[in-house]
Amino acid sequence: MAPGQPVDDLFLLASANQAQSRNGPYWNITFQDATGKIDGKIWSPKSQDYPSLEPGLVVRVKGFVESYRDKSQLRVDHMAILEADDPDVDLADFLPTSCVPPEELMEAVEDLVTEHMKHGPWKKFCKKVLGNTEIRSRMLTAPGAKTVHHAYVGGLLEHTLQVSRACMALCDVYPALDRQTLLAGAIFHDLGKAWELSGGPANDYTDEGRLFGHIQIGVEKLEPFLKKSKTLDDGLKMHLKHLITSHHGEHEFGSPVRPKTPEAFILHFADNMDAKLNIIDQAYAEMDKTGQDWSPYMRFLERNVYRPTQTPDKSKKNNGKPENQCLLPLKA
Amino acid sequence: MAPGQPVDDLFLLASANQAQSRNGPYWNITFQDATGKIDGKIWSPKSQDYPSLEPGLVVRVKGFVESYRDKSQLRVDHMAILEADDPDVDLADFLPTSCVPPEELMEAVEDLVTEHMKHGPWKKFCKKVLGNTEIRSRMLTAPGAKTVHHAYVGGLLEHTLQVSRACMALCDVYPALDRQTLLAGAIFHDLGKAWELSGGPANDYTDEGRLFGHIQIGVEKLEPFLKKSKTLDDGLKMHLKHLITSHHGEHEFGSPVRPKTPEAFILHFADNMDAKLNIIDQAYAEMDKTGQDWSPYMRFLERNVYRPTQTPDKSKKNNGKPENQCLLPLKA
Amino acid sequence: MAPGQPVDDLFLLASANQAQSRNGPYWNITFQDATGKIDGKIWSPKSQDYPSLEPGLVVRVKGFVESYRDKSQLRVDHMAILEADDPDVDLADFLPTSCVPPEELMEAVEDLVTEHMKHGPWKKFCKKVLGNTEIRSRMLTAPGAKTVHHAYVGGLLEHTLQVSRACMALCDVYPALDRQTLLAGAIFHDLGKAWELSGGPANDYTDEGRLFGHIQIGVEKLEPFLKKSKTLDDGLKMHLKHLITSHHGEHEFGSPVRPKTPEAFILHFADNMDAKLNIIDQAYAEMDKTGQDWSPYMRFLERNVYRPTQTPDKSKKNNGKPENQCLLPLKA
Amino acid sequence: MAPGQPVDDLFLLASANQAQSRNGPYWNITFQDATGKIDGKIWSPKSQDYPSLEPGLVVRVKGFVESYRDKSQLRVDHMAILEADDPDVDLADFLPTSCVPPEELMEAVEDLVTEHMKHGPWKKFCKKVLGNTEIRSRMLTAPGAKTVHHAYVGGLLEHTLQVSRACMALCDVYPALDRQTLLAGAIFHDLGKAWELSGGPANDYTDEGRLFGHIQIGVEKLEPFLKKSKTLDDGLKMHLKHLITSHHGEHEFGSPVRPKTPEAFILHFADNMDAKLNIIDQAYAEMDKTGQDWSPYMRFLERNVYRPTQTPDKSKKNNGKPENQCLLPLKA
Amino acid sequence: MAPGQPVDDLFLLASANQAQSRNGPYWNITFQDATGKIDGKIWSPKSQDYPSLEPGLVVRVKGFVESYRDKSQLRVDHMAILEADDPDVDLADFLPTSCVPPEELMEAVEDLVTEHMKHGPWKKFCKKVLGNTEIRSRMLTAPGAKTVHHAYVGGLLEHTLQVSRACMALCDVYPALDRQTLLAGAIFHDLGKAWELSGGPANDYTDEGRLFGHIQIGVEKLEPFLKKSKTLDDGLKMHLKHLITSHHGEHEFGSPVRPKTPEAFILHFADNMDAKLNIIDQAYAEMDKTGQDWSPYMRFLERNVYRPTQTPDKSKKNNGKPENQCLLPLKA
Amino acid sequence: MAPGQPVDDLFLLASANQAQSRNGPYWNITFQDATGKIDGKIWSPKSQDYPSLEPGLVVRVKGFVESYRDKSQLRVDHMAILEADDPDVDLADFLPTSCVPPEELMEAVEDLVTEHMKHGPWKKFCKKVLGNTEIRSRMLTAPGAKTVHHAYVGGLLEHTLQVSRACMALCDVYPALDRQTLLAGAIFHDLGKAWELSGGPANDYTDEGRLFGHIQIGVEKLEPFLKKSKTLDDGLKMHLKHLITSHHGEHEFGSPVRPKTPEAFILHFADNMDAKLNIIDQAYAEMDKTGQDWSPYMRFLERNVYRPTQTPDKSKKNNGKPENQCLLPLKA
C-alpha cells in the first residue's frame, strides 16, 4: 500500500494497544491480511469510539495511507467491527498461505511415499503417521518457521516437500544412499515445528517450543508410532531417529548430536539449502517490486543478495520468474 | 598387506631416507603402488648395497611384512632397481586412480554440457576450455585434494562430475535456477586445483597453490577464455566468476567473497556435500575390511562415522555396497 | 607399578592383539585391575603358547615392569588363564569403582529425596523412577563419563549425588528457587548416561549414545513415568524436562535448548562445576604421588592445575587431603 | 508511571539537553528517582523559563504522562528547582538502592568473616581491609555493575555477600576446598568495581575503569594490605591474588589468567551465577507487573527467560515470590 | 550546523524521497557538501513546488536548523535548483576530500618509488602502472573504503601513501626485508578498491566489488602489466601477487590465503594499523569539537577511544593536534 | 649433529631420567649447549656407572650420533662429570644467547631513551627503572618467551629493543603520536616476563607467571617507581599503565583491557609483529641449513612459511641473509 492511497478494506487486527498523546488517547494497531501487515493509528477523538479492541477481531477500515519515518502507516478515518459469526468472515482469508494449497502439498508428499517406499514397513509407518488426525491437521496449517522463512500457513509442508524432493534427487546422484530411510527422515525432520510454533495470526513460539525445541518434540511425537511398528527393523528406527536428532548439523544450531551417516549429512544439507533458497525467493519477490538488482542487507543470511543476469532460455516463457507469485513449482 | 605375509612385488619409491642405527646405516623407505603405501626398512649390512636411492625409482622387492607399533612395515630382504626405460614400467601403474578411468569421467562431463547447455555461447565456451590441450591434460590426471578426499589420479574429474550432477538434479527441484550458468560453475569451480597440487607420487601443494590458492588460480586460467568469448553476455561472465570465487561458502574456508546468488549457494552446498560423501565412502571401504560399524575418529569430519542398517531393497543386489570397489557409479 | 618391579598378580584382559616382529608373532595386551591399566607384551616364542586371547579373560601373570618410551610396560614371563567359573574370579574386582560403594551413594541420593521432597507427587515420582529395576541396576554400575571424569563404576551416582547436594546448598543461598523441581532435575539430569555408555571393562559409547546423546535418551527414559504420574502438575513436568534438556548450558556443548529458568542455570552450573572438580581431584591424586605442585597439561581443562598453599586448619587432621584415597566425602 | 497519569513529584535531573523545534527551543530531560528513570520534555515557550539546566539538580515537577513511540514520556507543565541546601533534599533518595540497607549487607559480610575465618592472619587481614575508611565508604555505595545487574547503591555489597554465601555453601559440599582463602577471594573479588564505576546518578565507567579494568584495580588496592601483613603466608597471599586475577574465568571475559585451583573455579562459577540470577530476578520483577510468563528478549543473557510453575510449598507463604520487592533474602 | 542556526548555502542533493503526511506530501532530502551531510525536509505546501527532485542536483537553500530526536535537521524555507552547466557549480566542491590534494599524494607515492626502487624492473613496473591513464585517474578520486575509514576523495591515495611509508620505516628496523617488493605491494595492495567502490556522492559498492572483492579485482588489473614486464623475475611477480592476495591477513577478513612471507606479514600489519589510526583520527576530530576525552562507542573498533594526556613537547607548537584539520602530515 | 658423527664435547645436562629395559636400567638424558639440545642414552651396563644424575651437571661426553625414528640421538660411550668449581665451567656457555651481547642491547635501549626522551620526568623515570639493580640484572638474562620466540638469554632485551625501534619508526610516519609515552611503554611492555619465566636451562613458567601473567607482574614492578616520581603527570602515568595492560590487544590473548589510544594500538602491533618476525627468522635459519623454500608446518603461526625470491640489491653483499647468524642488526 503506497502512501497517498485511500483504503476501504477488511483486515484482521494482529495487535491493538492504546496510547496517550497530548491530544488524548489513541490506538496503535497492526492490521493484517493475507498479503501482509501494516501499522496504523486511530487518533483522538475518534479513538474514543473504541473503548476496547483485541487482536483477532476482523474489521472494515476506511482511511488513508501516510508515510511516517520511511514506513507506510494507515490513518483510520472509520472502522467497523465485524461479528465473529459473520458468514463473510473466514480467519484463514487473513493469514498468508502457501501458493499451492496445503492439501495439494500434502498429497505431493504422499505421492513421494508411494513412489519411493518399496519396503512395506516404511510405507506403512509413513502412512500411519501422516494419517493420524492430529498430526495431519497440524501439518496442514503449520508454518515452517517463526519469521525468517516459510512463515505462512502451509509453510511447513512446502518446506517438507522440497527437502524430500531434493533428497530424492540426490539419491539419483549417489545411489548407495538408503533412499527410503532418508525419505522418512526428510518427511518428518521438522514435524516438531507443528507444536513448536503456535501458527495463527501471532505465530510465536509455544512454551514447549522454547523449553524443548522442535527436534525433541518431533522425536517424542514419532515415538509411539515407532513403538507400535512391529515390522520395521530396530536399526532402521534408530537411523530415522538419528536423522531427526542430527538434522541441524552442528551443535551451535541446536543439534544435540551431529550427523554420523551419509543420509544424515544429506538431510542436513537439503534442509539448510531449502531454507536459504526460500529466503532468497522472498527477497527476489521484494526486489521485483522495485526493480533492484541487490536486496537490502538480510540479517539472517548476513549479506545482500543479488539477482544475476539469466541465461536466455527459450523453454522458459518469462525467463526465470514464475508465472504467478507462487513460490513453489508443484508440478515440476 | 597383513603382518606375517611374504612379499615379492613391484613398487614405486615414494620416499627414501638414510638413517643410522647402532648397527650401521639403514634405509627408511615408503613403497607405493596403486593400492596404497607402506613404510619399510633395509637394515644394515644389506642397506650398504644401495649407496643412493631416490623417490621415483621403480623396484622389485622381496621381503616380509612385520608389525611395528601397530602399523605394518615391510622388511626388505632383496631389492632390485628397474631401469627407467624398462618396457614393463609405467609410472601410472603405481599411482592410485579413480575406478572409472579419467577419460570416461571427462566424457561424462562433456555429455552434461551437451545435455544441458542450450545457450550456444555457454556450450561453445565450455567446449573451448575443456578442449584446451593444457587444461584437458591437467584435468585428466589431477587429484581432487591433497589428502582428505579424492586424492588420486582422476579425483578432480570425479569430484567435478558428481558436483555437476548434483547441481543438475537440484535444478529439477528448483527450476527457477539458472541451470546453464550453474553447470559452467560446477564444471570449473575447482579448475585451479589442477595447478594448486602437483599430483604425481608426492601430490603436494605447488608454490602457486600455497601463495594464491586454487580459487584465484582458477579464475586466472578462465580469464583469457572469457575475454575471447564475444557472444557470452557480460552479466553471465560475471556470474560464472562469482560462482567460482564464492564456492567455499564462507570467508573462513578461504572464500574471498560469500555466495550472493541462489546458484552460488547451491554450488557451495554441492561441493561441500560431495567432498564429505567421498570421505565417508573411503571410511566405509576401510570399515568393510574389518567389519566395523563405526569408523575411527576422523579428524577432518571431527567425528566417528556410522554405517547404519540398510533398508532391504530387492532392486539392489548387494544392498548398498557397490559391486566392485569403484566408488563412483558412472552409469547411474 | 614402577619400572624394575617384578609382578605376580591377577588381571583382566582389556584388549589383546597379535602382532608380528622379526622374531615371530607377539601379543600386545592391555592388563587391567581396579587400580588402573598397563600395556604389556608376550614376546615370541612364548606368545605361541596362546593361539587366541580375548578381552574379558582373567589371567594370572608373572613378569617384570620395563620402561619403554617413558611409559611402563609389563613384560610377561608366564601367564595362566583362569576359568570363567573360577570361584576366585569376580569381574567387578577388576574395574575401578567409586570409594564409597554405589549402594551407599544411592542411599544418600534417596535420603535427599526424603529430606527435601515435601510435595507428595514429586516424592512419589522420584521413588518410582529410582525404584525401577532396570534403572536402579544401571545407575548402580554406570560410570559418569567415558574417560575424563567419574570414569568408574559408581561414577554416575557419585556425580549425581554431588550435583544434587550442590543444588540444595545453593537453594539455601537463593531461597526463591524451586528446590524440589531442581532436586528432581539434579537426580535425573544424567540418567541417559546409563545407556549412553556401555560401562564395563571397555566403557565406550553405545550406538544409541553416539546417535542420540544422553540428553535425549534420558528424557525418553523418564517419559513413561511422567505419563503415568497423574498427580504431578503438567507445568512441573515440563520444567523437569526442560532442566534435563538444557543442562549442558550452551548449544556448543550439545544442549538442544539453553537454560531459561533460574533452576536450569543452577543445574548447569552445578553439573559443570562437579565435573571440573572431579578432574582436578584426579590430577591432585596423581600430583600427590610425585609431590608436584603443578599438574601436567590437562587437555580437557586446557590448562595446568595448581595445588596452592592451604590455610592452616586445626579442625582438619591432614590438612586438605582426605584420609584415604576416597574422593567423595560421603558423610560430610 | 502509566500514560494518562498526572504527576506532581520530586525528581533528580539525570540529564538535560536543549533542542530546537519549529516552535522554538525545548528541553529533553531525563528525570530520576529511586524507582527508575523517565524521559520528558519542556516545550516552548515554557522551556524559555529555564535558560540553563544541569544534571544533578533536584526539581519539583507538575505534568502529565504521555506515550510516545511505545514509551512513556513526561510532559512538564510546571517545574521548580530546589535549592541545593534545601533540608528536604537528600540526593540518596533519588538513587535506586538495594532493599537491604548497605550497612546491613556490610555487617552480614563481616559476620561471614567472623564465622569462617579461623586462621588469625586471614581474619585480621579481612578486618583491616574492610575497616579502611576509603574502602568501606566506597563499598557501601558502589553499584555491582554499570547497567546489567546490581546497578544500584549497595549492589556491589549485595553481590559480594551472595557470592560469599554461595562459596561457603559449596565448601560444605566439597570440604577439601580451602574455605578461608576462598572467602577472602569472594569478599574482595570485585573490590576494584568501587573504583571502576563512578556510581552516583550517572554511574558510568571511570577513566581508570576503562583503561585498566576492575581486576587490576582491585589487586592494586589490596597490594599495600598484603605487604603489611607479616603473619599471612606468602603462598596464601599468592592464592588470594590468583583468585581475584582469574575470577572472570576465561580470557574472553577479561581474565588475564584462567582459574588454576579448585577455589578459583568455584569463585568464578559463584560470581557468574549470582550475576545471572540477579538479572533474572529483575526480569521476574518486570514480568510480575504485567503477568507475563516470558520475559522480553534479554540482550545480556541472549535469550528470553521463563517463570515456570512452582512446586506447591506450604512453608512458603506466597509461593516463591518475596513478600516485598527486596530482591535479597538477608535473613535466610 | 547547530540547531537554531539559519542557513543560506549551496548543497548537493545526496538523496531525495517524497513522503506523505496528514498535511500532504513532503520531501525527505539529504543535503551534502564537502564538510558532511545533513537531513532535511521540505514540508507541504512548499514541497509541491518541486514535482520531482533527483540526487546529484545542486541547490541553493535558505532555511533553519532544528533538532529532531537528537539529530540536527534542516527545515527548508526556500530552495533554488542550479543549472547543471552553471559555471559556479563544480561537483567536486561538494564531496569530502583529503586535506592534501590527491595530486600531491600521488606525487608523494611516486617519490617513494624514486627513492626506494633501485632495481630497474621494479621501478619501471611501478611507473608503468601508475602512469596508466585509467588507473591513475581512478586512484586520484577513489575513496579508501565505503564508510569506516578514508571515505573521501583521495582517501585511497592517502591510505596507500601512509601504508607505504610505514612499510619503508619498518624496513629500517628489519633490514633483511625485501624493501622493494614490499613497496610495490604496499602501493598496489588496495588498487582493486578503485573499482570495488563507485566513489562519487553515493560511494557504494559496485557489482564487481560485491561479487569478487577488491583483492581479486586488484590482481586482475595488475595481471596485464605483469605479463608485459619481461625483465621482472617470475619469483618477484609471484611474491607481489602473494602480497596483494594475502594482505587481509586472515581468511575471516576475506583473504583467500594468509601471509606466508615476512613482507606479507608487515604489509598486513601496516594496512590494518593505518585503517585503525584513521578511524581514531576521525573520532578525535569529533571529540575535539565537544571537548570530550572519550569517543562514543565505535562499532567498527568495538570500543570507546580515549585521548590521553600528551607528553609536553616544546617542538610541537600545538601539542599533538595538527595545525589545520588536515589529517595527513604530508611533509613529515 | 648429523647421524654417523662421533662426539667428544662438553654439555650441560638439561634433564636426566632413569628407565628400565629388558637389558637392565638405562639413562634418558637431554644434553644441551649454546647451540641447542640433543636427546641421548646411556645403555646398561655402562649406565650403572652413574647411580644418580641431575639436571645442571656439566659433563664431557664421548659417543656417537645415531638416528632413531627420524631424530638424532646421542649414544654415550663414555661420560665424565666435571666438578662444579672447575674453572673451565661457565654455565652461561651452555645456554643459547642473543648474538649481540645483552649488555650491548641494554645500551642500545638506553640510547633510545637519550635520543627520544626530551621530557625530563620521562627520561628520569626510565633511567631510574633501568638503573635498578634487580630489574637490570633480570632484564640482562631474561628470555623473551618460553619456547616460541626469543627463547634465549638476552631474548627479552632483543625483543624490547626491536619493538621500541619499530614504535619510533612509526612515530615518524604518524607524528601526532605521543612518542615519549609510547617509548616508555615499548621499553617496559614485557618487563613482567623477567619474573614470569625462570630463564636458565629449564626456562619454564614460574608460579607467579602462571598465576598472574606477565602483564600484572609488570605493572606491579613499575608501581613503586610511578609512586615515587613526583614530576611525572598523573595522566602520563595512567597512559603508560594502560599501554602495558592492553598490549596483548585482545581479551583472548590475555589482555585485561583492549587498546583505547593510538599509542596502545601501535604498541600492540609492534609487539605482535616482532614476535612473528622472530619466529620466521628462526624458521629461515633452519631452512637455510637444508636449502628448503618452505618451512615445515609451524604450529604457532598455523601455516608453512616461504622464503620468496629476493629483489637483487647491490647494496646488500649477501642478498638478504645476515653475514653471521646474528639475527639482530644492532647498528642498523
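Structure notes:
The letters A, B, C, D, E and F name the chains in turn, as written, and every chain counts its residues from 1.
The rule we apply is simple: a residue touches a chain if its C-beta (ideal position, glycine included) is under 8 Å from a C-beta of that chain, and two chains touch if they have at least 3 such contacts.
These figures come from a predicted structure and were not determined experimentally.
Annotation, chain A versus chain E: rotation angle of 120 degrees from the Cα superposition, expressed as a multiple of 5.
In this assembly, the chain whose C-alpha centre lies farthest from chain D is B. In this assembly, the C-alpha centroid of chain A lies 45 Å from the C-alpha centroid of chain C. The centroid of the Cα atoms in chain A and the matching centroid in chain B are 41 Å apart. Our note on geometry: chain C versus chain E, Cα centroid distance of 61 Å, whole angstroms.
Annotation for chain C: residues touching 2 or more other chains are 207, 210-211, 238, 242, 260, 304, 306. According to the touch criterion at the top of this document, the contacting chain pairs are A-B, A-C, A-D, A-E, B-C, B-E, B-F, C-D, C-F, D-E, D-F, E-F. Note for the complex: chain E touches chain B at residues 207-208, 210-213, 215-216, 219-220, 223, 238-239, 241-242, 245-246, 251-257, 260.
Residues of chain A that touch chain B in their complex: 118-119, 122, 162, 165-166, 169-170, 172-176, 178-181, 233-236, 238-239, 242, 258, 260-263, 265-266, 269, 272-273, 276-277, 280-281, 303-315, 320-322, 329, 332. Contact residues on chain E toward chain A in their complex (touch as defined above): 17, 19-22, 25, 28, 207, 210-211.
Remark: chain A residues 3-4, 65-68, 70, 75, 293-294, 304, 306 touch chain E in the complex.
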